[in-house]
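Common to both upcoming complexes is chain A, partnered first by chain B, then by chain C.
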Partner chain A sequence: MTNTYIESFPAEAKVVRAAFYSSFLALAIGGLFGIVQTLHRTGYYRFMDSADYYTVLTAHGVLLAITFTIFFLVGVFTWAVTTSLDRPVEDIRFTWVWYGLMVVGTVLTAIPIFAGFTDSEMSASVLFTFYAPLQGHPLFYFGLVLFVVGTWLAGADWFRSWWAWKQEHPDERIPLPTFMVLTTTLMWYIATLGVAAAILLFLLPWSLGLVESVNPLLTRTLFWFFGHPVVYFWLMPAYMMWYIMLPKISGGKLFSDPLARVVFVLFLILSVPTGIHHQYLDPGIAEGFKFIAMTNTMFLLLPSLLTAFTVVASMEHGARQRGGTGYLGWLKALPWRDPVFAGMALAGLMFAAAGFSGMINAGMNINYLVHNTFWVVGHFHLTVGTAVALTFMAVTYWFLPQVTGKELWSRSVALGQVVLWFVGMTFMSNAMHRGGLLGIPRRTAEPQYEGFEFEAAVGSVGELDAQIALGGALLTLSLVLFFANVIGTALNSRSDDLPANEYADTLSGPSDAPLVLDNLKLWTAIAIVLVIFAYSFPLLSIIERGGLFGPELTELPVSIGPGLEYLSTTTVSTVTTAGETAIAIIAGVGS
Partner chain B sequence: MRISKGALLVVIAFTAPLIVELRTVLAWVNVELTVLESAVLGIGLIGVLLVWALWPQSQNNATESAETE
Partner chain C sequence: MNIHTYEKLWLVAAMVLIVGFIATITYGSVALGITMVGDQQETVEPTELNDERFSDPRVAQVGENEYEAYVTAQMFSFQPDPIEVPEDSEVTFYVTSRDVIHSFSLVGTNVNTMVIPGEVAEMTVEFDEPEEYGVVCNEYCGPNHHNMEGMVHVVPEEEFDLTELDAEAPDEVETGDDIDVTATVENRLLDPLETTVALEIGNETFSEDVTIDGGETYETTFAIDSTQLGEGDHDWAVTVGDHTDSSTVTVVDELEDDADGETNENTDEDADGDENGTEDETGTDATENDASGGDDE
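Up next is the complex of A and B:
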């Protein structure tokens, strides 16, 4: 018998498996909406009303960026804590409670989103970025609250395990995977304060009719307080996999445990005080505050570059252990036939490209060129859509046998799937970036306009649309292969010939890392101070100018029909007023 | 084979971004390719890769390669 996870921790394996399956369900539905949008936007196949595009977009964003990623994260983190501390969770009932809360939260959030497809009054087509003035049904916000509370309890569960372990091992360093989980969880606690405040103080009371209006800039700022660090919440499990699984699968060891700890500490400190870089074009926030956010964001390149160095060095070590030689010849010795390795390596490669486009987003001046264009969509399809999603899919091929005790259905199909994702995303994301440079807007059902055409420097917009549709089709095919493998594996019979539940050893271990790195209180305190520096003055200034609940504001309708009516009424009244004013002026001049 | 089948598959996949953006790069030096020409170039590049990868190695290299498998 092999020492798989399910053999060591049968009760926890059930929770991890449930979290993974929940994640995959969200991926399936969200992915389906992905191809629907792709074909609609590009004009290749439009079977729904364009007003429904925004409901599809909301479902795609929420299900993939929140549900798919975070359910997978809680599965991986539970595995990491139990495996690295070598102890079960303290109370499995509590673990099921937070998982259940996340499921209930997801269902409650999904109900009003999907109701948007019906004639019901209920709707929440407010997109993943659900700030005002778009208003959703209260159930949407309530579901989100339950989901986030579920993740908070999950974090408490992991801290509880660590605390219990620490009592029994007072002089030992925190094992690296647990250290990664704890620092990421602390970052999440700080980050979600913003979204909790936005929902509980403003959006939910507003949606319930308890308050008449909100300050849109305030809810936007609180959303981005959470909206940028959530990116790192998705990314950290992928980073964890690159640090503790990739070196092992490469045949070697992690190059440096201390460097890995430094990286996670830097993410804890720097992830939150950066959100204002999403608001460079927002009037009402002074340029100086935006400059501070840009500086903090640029510092985030440091942990990413440290990761690139450490992970590639670890891969090279593994390749040389396998007989690889030469400056670049060692690359040939890597296990490219292993879908877990190939998927993670390709995801890492794509993440490098995402880093470059991210630097452009982060730069205040050059951001003006691409802000709210299709470029941004191309960027996050490289980050969350590839670095995160492809890594998650690749490690699934290692995790599934661990949590089911069954052999993977097909390694060849798995390899084809990860490669197909890479190729599909290359076509789609490249064309999105280039479209953004031409000024093609994001969040638009029909970016084709009468009497105006976007001009491409090379090729044509039609060719870019074709690339996007081709990429979307390849990604959909890749998803089909992924689910075939997941279902095939679930239906397989139990196997005794599975790899053991292990993660990478280190070349430079925890004893080489300064003790201060494990001082979680210190890093949390620094993170909070930085957040206060970055956010207190902008928030005070926004509240001072616009009020806590804003100037008089009527919520914008979330469907196209009433929206157009609202727009035409406003336009007619503005034009009438302007006309009357002009006539009065002319009359005045004439007399 | 000079590289494993898995590595060959990944290398072929990696030609996708190169081919897609080669058109843009060539446009900088006033070489304008159509989509069809780009596709033909891509197929040609993949063909060259296949020939290189499948071409039998010399005996010494083959032994070395076998040891690293």
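Up next is the complex of A and C:
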């Protein structure tokens, strides 16, 4: 008899496992597309037409940024709520319903994306941001809606557990993991209103031909209303792991429960009213609105800086419990051979670097230098691509035994995997940042131009490409090792000798935290007020300027077939026009 | 709430950092007056860009060292391309899109803006040294996105002009008739332009020194005796500064079909050998229009 999660909550463990496996499938396909792009962009190996690159990029972005991250986090959140409240979900059928809805949504979204590789008329090569007037197949938007509704129901499930628990424990503080889940879910509810409005009011009706046009700046602004907080939706579960798992695995306790709560409250209230910082360079939005978003963004550094302190302090505490001494000597006492620890610690280290490049991005003026360059790609491969992804992969080595009841296939392979990811991403992301400073754009199949070349002050573009390709190859190898472990573990037989399902205790416990921190209604109200303050005037101004449904636009379904058709017709019409002009000139000369 | 002393210090340091960042940016925009892309411009209709600026994307001079560049972005090009501006100038770019979202980004600089259909991005840039900048679209705009590029040429002052040259001549003339080559030269600079309009035809060059006031158009016609050239095809080229316009004229024994050519009408008009060939409608500064009076070389 062990005390694993699957022993305590067998039904929930099945859902969590299903969510993890869905997440890993997305990671496998998305990762494969990652290496395809790396080799194509750097020119090392091109086997497809450059126009197909954008279909690959759409799949890479959607599968990794949305599917991989969110499937994993709903698993983690379900684990966190059930474990910390120590009660099963209220109705397991409801849990399967939201999981099913997310799966159906993903499949419906994937169909038009993958149809982009075929000759079919259907396509959605509109990238992860789907900026109008680029238009995807209606199924793409519809699938996204179903997926998001699935996550809404998942949130309802977690709230339902908490309410039921509260009836039985009226005077207890919300356990920290559940508190983190609830604040993150509230943030997600507010954030997804933006993308829901963009899709349901504008993009879906437009793709179905029900409305003639959309206001591109409006749908873009609504996207970023959601697009920035979504990064915190990925990041919060990683933070949760750093707060409640890392201290335990380090051998100690969480430094401070109250500050952990403060951090999550700050993310709840500050995540959404910042999205316009992705639009510093957009014409049609007044500088003042951008300034408000910039200020909010800068204050959003605070919870991350606090997290850095708490996480390092907790690790130091753990190390000293294990006999570590000295100013920095304690670092040696940490369990570096444990892949769960090593992965999370390296992910945290990379997140520090990501924080610095993020501060540059947030700087409203210096942003002009890096906006939409390769720098940004380097930045988010450190955040979602490492801080989040590497943390998820590392904790997988702890979670897999918990939800399967089987021993991890190989701890050494796991350790090699997390280190390889760290090294690979160091090469790739560093080179991407540097490339961005030279002005190399993101989101392009061939950053090689006819009229000019990118000039590197140090090194060369060839050297940067080599680093990116090397990094990509190491990351791919790392993924292969990860899946070997996941499959190897699934094929193992049940073990009776597994660690118990526990998370970290705290040095300074919830009793030190002021009661007001648990007042979720208050924080939600403040969050909504800040969102109204930051967004109502910009949105009204955009609608006033460009109209609710925008100017007349040329509809541009983006896929290879119609795209090329469009090109050939334009070429033909250009040639025809040129011919006519020539004739007219000749005629003009004559008369 | 129990907060550790070190944690309090960290909190204070973090707040100082954050307030410091906000202060530097505020200083930049308030004290240094760095203007960012905002909502300065009215909206436009992306499918009918027929206003004065975007119907003819170009560079225009608006002050001594001040220029405005009207730029359109469309799948998968920029207009005009290249954009030519002089050194030591202040150029305000107005950029809009005819179709989807693009960007207009000068490689290796902080000249960078999104280009959104319906909106006009405004950016003022100071150029000092002569330099060639690549322009990329850094927002995905469709299957050929990676081929969307342009150039900004910052040229030495003496090489810079805003001259528009258009030269016209008939395709065919009968032996004995004059070949009228008409050159229209527009000086879009504010200052007068002193230049030479030169016609090269056969082995001969005719030229004329002119001064065209700022914003004015000058038109001149060179009348060439076709007999001297003889029957056959003759290439001609009109040159003004760096600008050239050229084509070919054929001298034939007898025009085959009078109804055929609009070209003939022109020939007919001057058939009686109007030596002056003066069709000076717009050229206010035409000092001398008789091509034959030019410097024969």
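Observations on the model:
We take it that the second predicted complex is superposed on the first by the 556 of 591 C-alpha atoms of A that agree within 3 Å, B and C clash if a C-alpha of one lies under 4 Å from a C-alpha of the other, contacts with A are read in each partner's own complex, and residues count from 1 in each chain.
The working rule: a residue touches a chain if its C-beta (ideal position, glycine included) is under 8 Å from a C-beta of that chain, and two chains touch if they have at least 3 such contacts.
Fair warning: this is a prediction, and the values are worked out from it, not measured in the lab.
In the three-chain model built by superposing on chain A, chain B and chain C fit together without any clash. Contacts of A:A342 after superposition on the shared chain: chain B is touched, whereas chain C is not.
With both structures placed on the common chain, the touch criterion links A:L334 to chain B but leaves chain C unconnected. In the superposed pair of complexes, A:T178 makes contact with neither chain B nor chain C. Touch criterion not met for A:N485: it reaches neither chain B nor chain C.
A simple residue count on chain A separates chain B from chain C, and the partner touching more is C. Of the two partner chains, chain B is the only one that A:F422 touches; chain C does not reach it. Chain centres taken from Cα atoms put the angle at chain A, between chain B and chain C, at 100 degrees to the nearest 10. In the superposed pair of complexes, A:V458 makes contact with chain B only, with no contact to chain C. After overlaying the two complexes on the shared chain, residue contacts for A:P551 are found with chain C alone; chain B is out of touch.
Of all Cα pairs spanning chain B and chain C in the superposition, the closest are 18 Å apart.
Those residues of chain A lying in contact with chain B across their complex are 322-324, 331-338, 342, 345-346, 353, 415-416, 419, 422-423, 426-427, 430, 434, 457-459, 463, 466-467. Taken in their complex, chain B has these residues touching chain A: 2-7, 9-10, 13, 16-17, 20-21, 23-24, 27, 32, 35, 67-68. Residue ranges of chain A in contact with chain C, taken from their complex: 50-51, 53-54, 57, 125, 127, 131, 133-134, 215-217, 220, 255-256, 258-259, 279-287, 290-291, 294-295, 298-299, 301-302, 305-306, 309-310, 313, 359, 362-366, 368-369, 371-373, 438-439, 441-447, 449-455, 508, 512-514, 541, 545-546, 550-554, 556, 558, 560, 563-564, 566-567, 570, 585-591. The touching residues of chain C, counted against chain A in their complex, run 1-4, 6-7, 10-11, 14-15, 17-18, 21-22, 24-25, 28-29, 34-39, 41, 43-47, 75, 95, 98-101, 103, 105-122, 132-134, 136-147, 149-151, 168-171, 261-266.
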